[in-house]
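Let me begin by presenting the structure, written as structure tokens, before commenting on it.
In order of appearance the chains are A, B, C and D, and numbering begins at 1 in each one.
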Amino acid sequence: MLAAEALGTSFLLAIVVGSGIMAERLAGGNVAIALLANTLATGAGLTVLILTFGAVSAAHFNPVVTLAEAIEGRMSGKLAIGYVVAQISGAFAGVAAAHGMFGERVFAYSLHMRAGWPQIASEFVATFGLLLVIRGVTRSRPAATPFAVGAYITAAYWFTASTSFANPAVTLARAFTPTFAGIRPIDAPGFIAAEIAGAIAALLFSRWLFCETALSR
Amino acid sequence: MLAAEALGTSFLLAIVVGSGIMAERLAGGNVAIALLANTLATGAGLTVLILTFGAVSAAHFNPVVTLAEAIEGRMSGKLAIGYVVAQISGAFAGVAAAHGMFGERVFAYSLHMRAGWPQIASEFVATFGLLLVIRGVTRSRPAATPFAVGAYITAAYWFTASTSFANPAVTLARAFTPTFAGIRPIDAPGFIAAEIAGAIAALLFSRWLFCETALSR
Amino acid sequence: MLAAEALGTSFLLAIVVGSGIMAERLAGGNVAIALLANTLATGAGLTVLILTFGAVSAAHFNPVVTLAEAIEGRMSGKLAIGYVVAQISGAFAGVAAAHGMFGERVFAYSLHMRAGWPQIASEFVATFGLLLVIRGVTRSRPAATPFAVGAYITAAYWFTASTSFANPAVTLARAFTPTFAGIRPIDAPGFIAAEIAGAIAALLFSRWLFCETALSR
Amino acid sequence: MLAAEALGTSFLLAIVVGSGIMAERLAGGNVAIALLANTLATGAGLTVLILTFGAVSAAHFNPVVTLAEAIEGRMSGKLAIGYVVAQISGAFAGVAAAHGMFGERVFAYSLHMRAGWPQIASEFVATFGLLLVIRGVTRSRPAATPFAVGAYITAAYWFTASTSFANPAVTLARAFTPTFAGIRPIDAPGFIAAEIAGAIAALLFSRWLFCETALSR
């Protein structure tokens, strides 16, 4: 299970960062075209990864998803920590893989500024929505979840000012790519705090909305 | 149920308006590229929202869909009014959320002119088609409805001259954004009238085409 | 059934022609961007139309599909003629509707030259592939047919030199739009001949490949 | 079965090469737009081909997929050789068909340089991922496989530096097109070696990850 989480998160980052590099190199300066390509690759790729690894590890690829499952008592705290370590390790491996495929240095700090309250608010909304989607669709139409998550991220790349990181492992690893998808290390903590807050808000709200009963551990 | 309608409609507007802002900012003046991005985000996002909230409130997010259900006797008039109030409130909240995420003022009048008979005819056709799709697919393949509605709007953004609002709550709320997705308040009543007319025409036509029997209340 | 064929084909043409007009107006001269938008709208729209009308009329919207069904003995010759008349009438109504929505004259000859053997060969291949896809998918995974046909046309807009009309009713009606999707009336007969030839070739080939037994009337 | 493999691979190459020609001709020099169109056509087309021919031949269209099945003992060595011959023949026929539809010479060497370790590493990763996706999704959600493979290639066109050939038959045939999708014949052997290595690595890894038991012949 931990190998699936690590490998899946690694592919996710390779897709996000790699397609960002390719898109920026080819787009001739038109950022909308670059982001369209980056969106298409990420949305399609994320759906595929959830389909591939879902039956093995539930395909979280995201510490706040794991955190929500642990809070709900659906996985032990120990397993949750293992998941998060696997996700973060995988995320960094994925960035390194993308850099290797495009002939970039293994890691380098990002200089891509993503600061200010609109960005922070965007991460809150993006993560709130992501968790709500996962909860709602998993509950009523579980087989559609991989498509729903891919489509949500497709939309969220565009409707949030931050292009929707919505994932602390992704945020950390993207601080170490100097390419299109990067984020300055100094901006990462704000993103991660907003993501955790958005996830917890979604958890509380969806408990009420979807009438879920929290299973005590 | 009302909370799901309000929140879903709010996310819908955040997606339509937010992705419009992002697309226009990045597209370097090419409106086709901006509309492509806006289309992709809206089509994917609408599908996800219906998947997420469908089991809770049937995911109308649209007063004319609610009106049609009420006319057919599938929901009480009182509940229908609650739905419409939730939808309109949610729509304004969604516009405000999009503006917040992109650092715009909470609300401002739109100056985007969308006038003339071709635009009115477009809204009639767009809403007629939307209701027909919902009726036809819900009846024969209900599980495919979220995908059908998302795909219909994807097409309708391009095949109608108005980019297919097809939703009075959406039309009202988009009158208060000065961005890509806006519509001048003075143009909104014509759109809304055409939408209601298109919905009623679809209702009558689909009763005959799909041999539906109206359930009396 | 005939009403569903007529209305469905009408919407199909409104989508093809309407999205072509919108795309060309907005694309600032970049034909690839215009065709991308036209492709997205057509692929998504065609899938929706088949989902909506499939349960009523089997959603042919295409005389060569009807021809193939009649040759296979799955529908009477009389019904087939009714279908084809409904499809052609609907196609012209759809072009008129698109022109109405975009403030163009009801009908006007196209000046868009689409001549030469590569174009003819393209229509043969496009229609051969379309019929093969319909046969193959209907036989093994009928529920996936609407998605398969939409995805096939998405691909065929790009991999054939003619942008894949693959439909005599569509070809006839597109001769009367002076816009992006048009074809000169003088070029239409060659297209239609190639489409019929491609359909018959696919019929013979798929009988053998999919081991179908032709039902005698 | 061999006819299905040959015809399917032929359509695959016609789609890849044909849409590349169309995209490059129309894109006005913007390579990102050309690759977006090429991606859309390939992803949609590949999904359709697997849906169409899957029930006949399992729709490999790829020698390394056939190799993996033979190694696992799910098909005889003799049948596997037949598949590979059919795939390579079909691939060349598809390139010729695309050239015919676009008025190009039947075959011509490509001058498109795709050399260097990043490209080789990309093919390794692309093929490793492709086989992992096929294994994982076929095992847990077989009906979703056509969509998963199409979506994977959609992502892989962008997240690898080589645009993800991931298929020796495709690589060989693309050496003989002087168009957008081409690869210099001198670069093909490195690609093919990396593809075979990636496939074998995926085979070993997925045996462990998905706890598969190799059936002995």
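Definition applied: a contact is a pair of C-beta atoms (placed from the backbone, for glycine too) under 8 Å apart; a residue touches a chain by one contact, two chains touch by 3 or more.
Since the structure is predicted, the reported quantities are computational estimates derived from the model, not experimental observations.
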### Query
Any idea if subunit B and subunit C meet via the same residues, over half in common, or different ones?
different
### Task
Just send me the rotation angle from a CA overlay of subunit C on subunit D, rounded to the nearest 5 degrees.
90
### Task
Take the average of all CA coordinates in subunit B, do the same for subunit C, and state the distance between these two points in whole angstrom.
28
#### Entry: Centroid spacing, where centroids are CA-atom means, of subunit B and subunit D in whole angstrom
40
### Task
Any chance you could list the residues of subunit B touching two or more other chains?
30, 33, 36, 40
### Summary
subunit C partner, complex, touching residues on subunit B are 29-33, 35-36, 39-40, 43, 116-118, 121-122, 125, 129, 132-133, 136-137, 139-141, 144, 148, 151-152, 154-161, 209-210
### Summary
Interface with subunit C, subunit D side, in the complex: residues 3-4, 7, 11, 14-15, 17-19, 22-23, 26-28, 30, 33-34, 36-38, 40-42, 44-45, 47-48, 51-56, 97-98, 100-103, 143, 146, 150
